[in-house]
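Labels for the chains are A, B and C, by order of writing; each one numbers its residues from 1.
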Amino acid sequence: MAEFVSNIRFFLALVRMTFKSATGQRSAMLIRAIFSVTTHLIYIPVWYVVFSVAPDLGGWRLEHALYAYGLAIACWGFVSLFAFGLRMIPEQIDHGELDSYLTLPKPVLLSAAFSSSKNTGLGELLFGICLLAFCCVKYDFSWIPMPFFLVMGSVVFASGILFFATLGFWLKQFIGSAEEIYFNFNLMASRPAPIFTGALKVVALTLVPVSLMSHVPIDFVVHHHWQTLVFAIVGVASYSLLSVSFFYLGLRFYESGNRFGIKG
Amino acid sequence: MKYYHFARIAFGDHLNNRLRIFTRYLVFLLLDWVMIAMWSLIYKSGYGPASIYFRDMAWYMAFAQMMFFLSPRLFVVIDSDVRSGNIGYFLNRPIPYLWMRFAEGVGALAGNLLIYYVVSLPFIYLMIGDWPTGGWIAITSVFGGLVLASVLHLLFQIFAGLSTFWTNDAVFIYHSYQKFCLLLGGIYVPLSLYPSFIPESVLKFLPFASLVGNPVGLLFHPTWWGVLEVLALQMFWLGFVGVCLSMFYQMCLRKVEVHGG
Amino acid sequence: MSQSVLVENLQKSFKVRKKSGFLKGFLAPEYTTVQAVDGVSFSLKEGERVAFVGPNGAGKSTTIKMLSGILHPDSGYVEIGGFVPWTERKAMAYKIGTVFGQRSQLWYHLPAQDTFELLSYAYDMSRSDFEGRIKSLVDAFDARHIVAKPVRQLSLGERMRCEIIASLLHRPKILFLDEPTVGLDVVSKGVIRDLIKKASDEDGTTVLLTSHDTGDMERVCDRVIVIDHGRLVADKPIRDLRSGYIREKIITLAMKEEIISLTMKGVRLIEATPHQLRVSVDTSQISVEAVLQHAMKLSSLQDITVEDPPMEDIIKEIYAGSLL
């Protein structure tokens, strides 16, 4: 229990530091926030074009696509703002930055995940929340589960990033490919749920669980099926556990030193 | 000649990173799968455009996604060079940094073309279950158009990479550019199906269409004239963007001199 | 003095991938094994300051990483302050401090004092303990003006001072330093060496330091362990090395005259080119000052450089068996 409390105190101090570091350059942060909001706005006409061709996709309409996009982009922003280190894990591995974390008496993952922040995240988080709020007002979606979905979606996305970033323990200079995976992971979360059928549905619920991030929340908003929500919570917990375990498996490889070989 | 050697080295280096190629290819296949599934649902729901067969639309979607995977992520390399100051060490070489990186990008692109063109056809066929109506002529036309499209994409990536001099982060500039491509390039929906208030002729003229919509659109009507038209417009944009890039690069060099890299 | 570090028959090998064809390398990669550390044994007493030296690829960083819990060995036994690094890493972390010269633990955009505060949470220090400790360290390191500046604005020497404060914050019993003076100028090197020594003297901290610079081991350490090809080559008090090899200094003189003859006892000519002379001075026979005074009488000196002999030369000599 004492260790848990100590880890929480360290975690809170880390988050304070990352936030302080990210907000240090306020003008840059503001410019990036405005820029990211502007570019994300572009996505709305993209969906408008798609739904002008097909107004109803297996029960999904424009409002569902916008809600899914709002969730996806808010989760992206949330993770970038508070746990950008997760996205940078392949680079941290390449540069041997985990060495210093391994000499601290705290979990390595905690330091690796929360030791950096990207200030574009604030704009993305706010834009996502505004889009969700717009859907709630315009299409009469319930406000109450929104914070819960944001947390759940962020945990799924963070776990997904962690899972794929962990491949960097074995694949050198993986950061570029990893960023592409994160981006497409997020992109897929905003695709209409009815297109995920058969094997694609299995993938969307397991290896790349975008369904847990956006499809299940939207299903709940529309149909209020509690069983689906409970299933999603169990799924999120299992996937997070799998990602963390995979990371520690990778860390064991790092500790074997075979990733780098002889340096001195 | 020296550009050829830079491209040749980059080609070998790129193909040597097998696991990275494999991982990126898996992402491409997954994205293809999702886009084909989306249009399959649209056709099943009765909203599929009567003028385009599903199999043609599915091949269009598969090739449209491919364009972004053919080019290496050059903007990441340039962004890193600028931020670390390493660009300064390249400037004293008897080859302009800009065109050196471009040559390397083309080398890696050649490696990707080899893999994606050869390996993708059976995979896409398996996902769709049929060949496009235009057959091999249509596929060859698209492949030809995608080569110049990828080169143009490389130039835009260099733009994004060099913007780090001002923004200190190329990623968000690149993502913005990518969003414009999604909106105006015809990646989700062919340009001919855009709402009527957006004139198709204007959309087709924009550089974003030369990246995806125009070359991949050859799949629907593979005529010699159509191919020439697409290639000519791509050449125009390559020239225009290339000249703008050279001027932008000169501005960047002045910034290096002022700030010492 | 009780034992602080115990290393027995430490072994570590790495698997290195062989180059092979495109498909074969992907489907069935082949590996060769390289022995990085091969049966190294030594022990350190509390408060001892030991230099751990060797040429590039000798296995020193690998060893120090195993001792600090970053890498796991293949076999052998290690005890650091009573803990086995690879099974009790977290408990051991409270007892050790680490400085990796080429890697920073400081937050780049924030003042170093913010990193210190974060580390105080990592080491579960109470606020009053942290405040008292940081005040005494900042005073001792004369760093009040630098800890408040963002790290990106610090010089390399100032940054290294902050790195050492960060590593000493939790009063570690053992301090591991991997190339702490790499890239520093002569003045900064001197400051860093003095600070490490002072901190060790005041708190009785055991120091294990790797370096390529003979000055580091000569001015900080009491003992030197030499490693090459993963094997322990020598384990000697520093004074033995001083009387053997570090006593030598290399002097390079640039003068107006085309050539001069510097014939003195204890002075050996290395190289003579027009307007430049490079000699080796045995400081046990003659002081550097005496040689320079004599040179000034003979010529109009334009530039003087005094250097320690390169580490590689010393290791080569030791390895040749002349000191064992």
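As a working rule, a contact is a pair of C-beta atoms (placed from the backbone, for glycine too) under 8 Å apart; a residue touches a chain by one contact, two chains touch by 3 or more.
Please read these numbers as outputs of a predicted model, since none were measured by experiment.
*Asks:* Going by C-alpha centres, which chain is most central here?
*Replies:* A
*Asks:* Where the centre means the average of the CA atoms, what chain is farthest from chain A?
*Replies:* For chain A, the chain whose C-alpha mean is farthest off is C.
*Asks:* Averaging over Cα atoms per chain, report the distance between chain A and chain B in Å.
*Replies:* 26
*Asks:* Which whole number of Å gives the spacing of the CA centres of chain A and chain C?
*Replies:* 42
*Asks:* Need the CA-centroid distance for the pair chain B / chain C, whole Å please.
*Replies:* 49
*Asks:* Counting only residues that touch at least two other chains, what does the list for chain B look like?
*Replies:* Residues 19.
*Asks:* For chain C, jot down the residues that touch at least 2 other chains.
*Replies:* Within chain C, no residue touches at least two other chains.
*Asks:* Per the contact definition, I'd like the list of chain B residues that touch chain A in the complex.
*Replies:* Within the complex, chain B touches chain A at residues 17, 19-20, 23-24, 27, 30-31, 33-34, 37-38, 40-42, 45, 47-49, 73, 76, 167-169, 171-172, 175-176, 179-180, 182-183, 188-189, 193-195.
*Asks:* Could you please specify the touching residues of chain A with respect to chain B in the complex?
*Replies:* By the definition above, chain A touches chain B via 28, 31-32, 35-36, 38-40, 42-43, 45-46, 48-50, 52-58, 120, 167, 170-177, 179-181, 183-184, 187-188, 191-192, 194-197, 200, 203, 208.
*Asks:* Flag every residue of chain C that touches chain A in the complex, lowest number first.
*Replies:* 12, 14-16, 34, 36, 56-62, 65, 68-72, 86, 89-91, 93-94, 96, 98, 100, 103, 105, 107, 109-110, 114-115, 117-119, 121-124, 150, 210
*Asks:* Sort out for me which residues of chain A touch chain C in the complex.
*Replies:* For chain A paired with chain C, touching residues are 6, 9-10, 13-14, 17, 20-21, 24-25, 95-97, 99-100, 102-106, 255-258, 260-264.
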